[in-house]
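By written order: A, B, C, D and E. Residues from 1 in each chain.
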Amino acid sequence: MQEFEPKIVAFVCNWCTYAGADLTGTSRIKYSANVKIIRFPCTGRIDFMILMKAFENGADGIIVSGCHPNDCHYSTGNFHARRRWIVFRNLLNFTGIDTERIQFSWVSAAEGFKWADVVNNTVKKIKEIGPYENYNKIAVSTLFNEEGATNE
Amino acid sequence: MDQQNIYQPYLMEIEKITEEAPMVKTFRLKFKNEEEGNNFSFHTGQFGEYSVFGEGEVTFCVASPHTRKGYIECTFREAGRVTSELASLNEGDTIGFRGPYGNIFPIDDWKGKSLLFIAGGIALPPMRSVIWSCLDKRDQFKDITILYGAKSVADLVYKDELAEWKERPDVKLVTTVDPGGETPDWKGEVGFVPTILDRMTPISENTIAIVCGPPVMIKFTFPILEKYGFADGQVYTTLENRMKCGLGKCGRCNVGKVFVCKDGPVFTRTQLKELPDEY
Amino acid sequence: MSRIGVFVCHCGENISATVNCEKVAKITGELKGVEFATDYKYMCSDPGQTLLKEAIKEHKLDGVVVAACSPRMHEPTFRKACAEAGLNPFLCEMSNIREHCSWVHPKDDLTTEKAQDLVRVMVEKVKKNKALNSIKVPVTKTALVVGGGIAGIQAALDIANCGHKVIMVERQPSIGGHMSQLSETFPTLDCSQCILTPRMVEVAQHPNITLHTYSEVESVDGFIGNFKVKIRKKSKSLDEHLCTGCGLCTTKCPQKKIPNEFERGLGFRPAIYVPFPQAVPNKPVIDREHCTYYIKGKCKVCEIVCPTKAIRFDQEDEVIDVAVGAIVMATGFDVLKTDYFPEYGYGKYADVIDGLAFERLASASGPTQGEIRRPSDGQIPKKIVFVACAGSRDPAKGIEYCSKICCMYTAKHAMLYKHKVHDGIPYVFYMDIRAGGKNYEEFVRRTIVEDETQYIRGRVSTIYEKNGKLIVKGADTLMGGIPIEIEADMVVLATFFAEAHPKLKPVETNTAGIFLAGACQAPKDIPESVAAASGAAVKVAALFSNDELTRDPLVAVVNRSAPPVYSQCVGCFLCQSVCPYQAIEREEIKNRNGEVIKTLARVNEGLCQGCGTCVALCRTKAIDIHGYSNQQVYTEIMALLND
Amino acid sequence: MSDLIKKVTALLNDKTINAFIGYEKGSANRIRAIFVRTEDQVQKLILNASCTQNLTGYLMKHEVKKLGKLGILANVAALRSIMQLASEFQIKDGEVYVLFANADGSLTEFTDFKSIETFLQTTDTGIKSEEQEMIAKLEAMTVNERWLFWNKEFEKCIKCYACRAACPMCYCHRCTTDVNQPQWIPVASHELGNLDYHLMRAMHLAGRCVNCGECATACPMDIPLNLLTYQLISPIKATFDATAGMKADAMYALSTYKPDDKENFII
Amino acid sequence: MEKQLKILKYSDLSKLIEKFRSQGYPVLAPVRKGKVVEIEQVQSLDEIALDVLLSTQSAKKAAFPKVEKVLEYTLEKSGTKQFPVDPADYKETILFGVRPCDASGFKSLDAIFGEEPKDQFYLEKKGKSTIISFSCPVADEYCFCTSVGGGPGNTAGSDLQFTGISKEEILVEILTEKGEKLAATFADLLTDAGKDIDKSKFLADVKVVFDVDGVVEKTTASFNNTALWLEQSLRCIGCGACAFVCPTCACFDFQDEQNTKKGVRLRLWDSCGFSLFTLHTSGHNPREVQSQRWRQRIMHKFAYMPEQLHVVGCEGCGRCSRACPVDMNIKEHLTAIGEKVIV
């Protein structure tokens, strides 16, 4: 059987983690290709619904990363984001959504190595837990199946 | 058994896109399946449900005249989910079309009469279908007068056709823009449609008036027509109510007991007066 | 469907070594809405850009995706190229297939697939991009300089000499700042006043500079190019126009024993006073706290003696509004207060003084006419201890960094002392000597070698008085930490100085259009302060070189629609509290009778920096942000996960 | 004549208010809202232990607002709703006349926010013990068990939005569910649409829910959806020291921050 | 056809379900789920809650589900392809243990969906459903079927109707050909019943509270009675509970759902109670306030449908009132309209 290649999306801020990942690149540090980045101006912009959308479109794991506290380009975006994640994680956990699959991190523009670590560790972890079947079962694509939403 | 799915659209190809005004475009649509196209017919005043697959459906009237076969046209303003998606399409792209639905302008009943078209803003498109249908049988009618107004010169749609009508000796075209909307080289009128109408002192005798436009315009136009002796039965207009199916089933476009999709969208003022205020 | 062009860059070998660029172009060329796709060796090169521009024209592209390096690198390049080809620059996006792909993954199918995924995401995103126009903000070409120290003076003069108006606000009755208190300056030992005074006068006389002394900034509103500032002009109890600065009043004032802050309390001044002889403006103010008239309701001697009848006892503070386009903060520093050093007896023993006080003692115009005499009894100290790094680099005091210039001025002080008290012995306790700067190291060396200053490396633990002597206890860390005790006549603390940032709302954050200059930024000596001030002035001048400011339009907007809805916004203003830039304002929608029917949020484009925090918080999705709109990010996620 | 009736009659008579929102007997032993404007409507007012509905949602209803100056019969949850609405600029101080029904049936009147705030400081605002137990029970489950539990509950949901309509804090003219550019939350009431709706709603009420329970009471499909928001109350209190609906000028827990907010999951 | 009467033993009911199952029919029946009762597919008799007064939702979802796929398509560069959903694919289904109001509720839906052009999605499913209703031995104060022409033993819309006539026996009425066909598959469980069984003895007593014709007439004339609608609807919070549980409400919405490559068009229930129902993009809303929407709900059922489709759009099941979170009791409101003097 083919090895499970998890789909992982990373939502990162432009100023720290995106730049950090750029540094990972310029330093030629290798990491797993499973993770793909979507750029945001700031972690403050990352609406919790964005995470839901990632799971329901088939993501097995999610990384959310931004500037370290006090380093936000906009001063406070990451502080607001942090509160949001604290609450959202609670909610996800309570509704039975696997918070193990969401890795939050602070990666600065200077932490090229850290970014590679975050990615590699997350990929490793998700490979261990396996595909997110619970969510896949209800994902958008199920509507195209035979049983779909047709006849109850 | 040939199970007919009444919600399944025809596939149409966008043959031509015309930018009419800011946010307003006209699409010329061709049936992908020629046979469907050949079997298709409609009448002026009718509308359809246009699909952007993945986004949903919208209601537009057919803006081309029924006398011209082989294609249909629609003119729309970018407003919400579907229309903005529609606006981003290109020539050659596929959309869906269900229709034609609704009642029609009874132009056959208007034979021998003079016609006065009064339109405002983006409401010229529904009117355009009738105008062309009538112009295509020009000899059947007496005078044809078109009064069309928009907010500003840029907002006037069908600029080419307006020019063409202007040239025609058998059509009287009056265009107007709201005060402040004129450009230095604007040659038409300046003023709101009802004001200009009043100034035109229309003759009601043996004349049919067709009024389409935003609610405020209609509200102020009716009294002027009344002032010049237009009876309620001589005045036609169209209604727009939100609808989903276009077939009298989804249950939302009704004005009282009347379904705009089935019993409308064309109404005489007589009918309108009987309807409750729900549009 | 759109007409998107995809341009895949090889970046020489940087990308193509691990990513099959031809394949990426081919596969993404098959995406819905992609009209044209190609790969090229160097997209950012001139021919690469030409290729892009020609393709835009030839294929009537309405969106462009350049798959190359990080957008942080070349986004402006390609956006500019698009604009040159007539495509709105904001219809261009970049996929980062170098830093985020080719450089971090091995050469294999997965890497190429990832590159395709990244391109697809941007293709879908760009379909939802909107043509945007740069935001134009008019610029008020007047600068506000807060603080009239050497930094403020320099900045004001530089800006004014570029032909722009400057408003200078100084808290004290005179400009000059700390530099006016210095005796001689390191490393040249030039006379401080001699350098400073002409510039102060120039400020006062410059046609482009309006000076408000004895004034403070009360509030700042607005945004870059368009600040609205309230300035409180404290009452001087004087009609400045009438006053000729004759100084008669100051000599006749019965109050004579008020500690003179300019002299660091080493001298006295009357209640109506000019802080120092070279003050600009050279006109007195009444210190109402100490004035007999204000205390007792009787006196008015000054009024009586004033030949021009310039005294105004009933004068009130005046608040004026000014409009400025840029602000230079040059508020300098404050030396740490006495209560910071209880262990050194600072504030308790008269002969423990700080560096500024020593400057006054050494100054020819100071209270002792330049003779070094100790404050307690006017004796010339024979043994003097300088404590460097008093308060700085001490985590326990909450200040971990070096105040940088103390090393230098301590050396200067030791030298000045030695020059004036030839038989005296100066000791310096230090932690490190930081003397970076031209001739600085030599300067310190001279102090040690020529002026025989005893440098002891170590921290002073306590200072106490015993038999009229100050016992300084410390340890010499170079000698293995042996305890040291010195019986000194006088101690000078090289106190750390704290940046003086007025806590004005926008200034606390990194607001565009507000520049820092001088010692309020970080500890700086005079040359550095001057350089920083000129730097700030250049930025202001650059800002003022255009009538309008253009900004990227990647800002938030609150949705608006026709009545009766007006907007999806419900006016909960939760967005307002998250905005770090106070960019969200209230807008009241009124009906014909002027009654408020709805209150909505509105984003001030000039202030919004585009962080998007408000967007994530808004429940009704009434507020959205250009460039990272809900539609765009939603589409990106969908595109990324569904191939 | 009960105190309530006397009081409301007086309020209406002296034009302090134009309408009073209280309770009347409904069908089949239910209690329901009544909008008292006339003499005979006043007589229908009742107040007993079953009068638990949080009536504040009506303060946001267009046609109710049109009745003029409103008085309302409030319980603790209603007082908190008013505070929370005030903090979100939806109600102004003095705009609503509040009568509070004490446990012993006596009435306390509140004419300004300050007095409500003071009162709430010494009032029990916690959630009921059954609900606490239910939350504890769920928390004791494995993640997967919880997933299954909620899956089964959400399956029942028909997206009638009674929960939203009943919730005093769901006053948006256009709820996120109704936003269609993009259509974040699928409109359809399939498993995904239901889960998305409930997650979204719970997040939007996190730190704002005043635990009145209206949402769950309203649900015709008997889904204990109030647990979703209730569960978030204690972590929000513990981590941010914030409780919804206690002060009229409170800052919303999720639109403020402390630089040292504690978490243990961000690496 | 002429109605036939048979007797079935309660003890044979589980065999009956087994028979249906073994013939491959999906059986939909009321199932208790905590406080609510859903109509769901069942495998055996013990799952079925025969003793409940009424299921929370009506049985309409058997032919008009809350989410239904009407179109499938792919989105490709070369163009869109459609894969129409063929209603003919639906399976024969048995609706078991529903109430007479559920069964008769289909007549409103039949009228709406059966009107030209015909909606095959509904008609096909409805056509393939055999309805075995259970007459009502009890009723509650929300029920008013008798006021709108129905009743606890109303057989309209049912193919078979079961009435418990003793602890052991069920009276089986075979009402339609479809019913007859189905009954033939379990003929071995049936015995003949005497012609003269008076079923009414076993039925609940539901009082007639208003004269339906009068209500229809007065509703029709009340469009402009703004005060009436406002007063009635002040309490209404504009949710969709009433419409979604109602056996006769048929309003729907279309929604497209898609990923980048494929999409479906879904038909979903909608409710005239929602403020968005008629909202235009411009913000104009013909039914701006809740009272207008409440008026629509009542007038649609009691004025427009009788006039246009010749059915009253209400079966008097009272589900809407039970489900309403704020106790909008339709029976009470209709009675009030009925009592009103038309001005």
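The rule is short, and it goes like this: contacts are C-beta pairs under 8 Å (C-beta built on N, C-alpha and C of every residue); 3 or more make two chains touch, one makes a residue touch a chain.
Since we're looking at a predicted model, the values are computed, not measured.
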Check: Which chains make contact with subunit A and with subunit E at once?
Finding: C, D
Note to self: Going only through chains that touch each other, how many steps at minimum separate subunit A from subunit B?
What the structure shows: 2
Next item on the list: Quick one: point me to the chain whose Cα centre is farthest from that of subunit C.
Entry: E
Note to self: Among the chains here, which has the CA centroid at the largest distance from subunit A's centroid?
What the structure shows: B
Item checked: Chain pair with the higher count of C-beta pairs in contact (B-C, D-E) -> D-E
Margin query: For subunit C versus subunit E, what separation do you get between their C-alpha means, in angstrom?
Written below: 71
Check: So, what's the distance in Å between the C-alpha centres of subunit C and subunit A?
Finding: 36
Next item on the list: State, to the nearest whole Å, the distance from the C-alpha centre of subunit B to the C-alpha centre of subunit D.
Entry: 47
Next item on the list: Determine the centre-to-centre distance between subunit A and subunit D, using the mean Cα coordinates as centres, and give it in whole Å.
Entry: 33
Checklist line | Where subunit B touches two or more other chains, by residue | finding: 80, 93
Next item on the list: Mark out which residues of subunit E touch at least two other chains, giving numbers and ranges.
Entry: 66-67, 75, 85, 253, 255, 257-259, 266, 282, 284
Check: Could you say which residues in subunit D touch two or more other chains, in rising order?
Finding: 173-174, 176, 181, 183-184, 186, 188, 190, 254-256
Next item on the list: For this assembly, give the contact graph shape among line, ring, star, complete and other.
Entry: other
Next item on the list: Kindly provide every pair of chains that touch.
Entry: A-C, A-D, A-E, B-C, B-D, B-E, C-D, C-E, D-E
Note to self: Quick check on the complex: what are the subunit D residues that touch subunit C?
What the structure shows: 88-90, 171-176, 179, 181-182, 184, 204, 251-252, 254-256
Notebook entry, point to check: Across the complex, what residues on subunit A touch subunit C?
Noted result: 5, 7, 9, 14, 18-19, 21-26, 28-33, 36-42, 44-48, 50, 53-54, 57-59, 73-77, 80-81, 84, 116, 141
Next item on the list: Would you mind writing out the residues of subunit E in touch with subunit A in their complex?
Entry: 61-62, 65-69, 72, 85, 90-91, 125, 257-259, 262, 264, 266
Check: Of all residues in subunit E, which touch subunit C in the complex?
Finding: 75-77, 259-261, 282-284, 288
Note to self: Which stretch or stretches of subunit A touch subunit D in the complex?
What the structure shows: 48-49, 52-53, 56, 69-70, 76, 79-80, 82-99, 103-106, 118, 134, 137-140, 142-143, 149
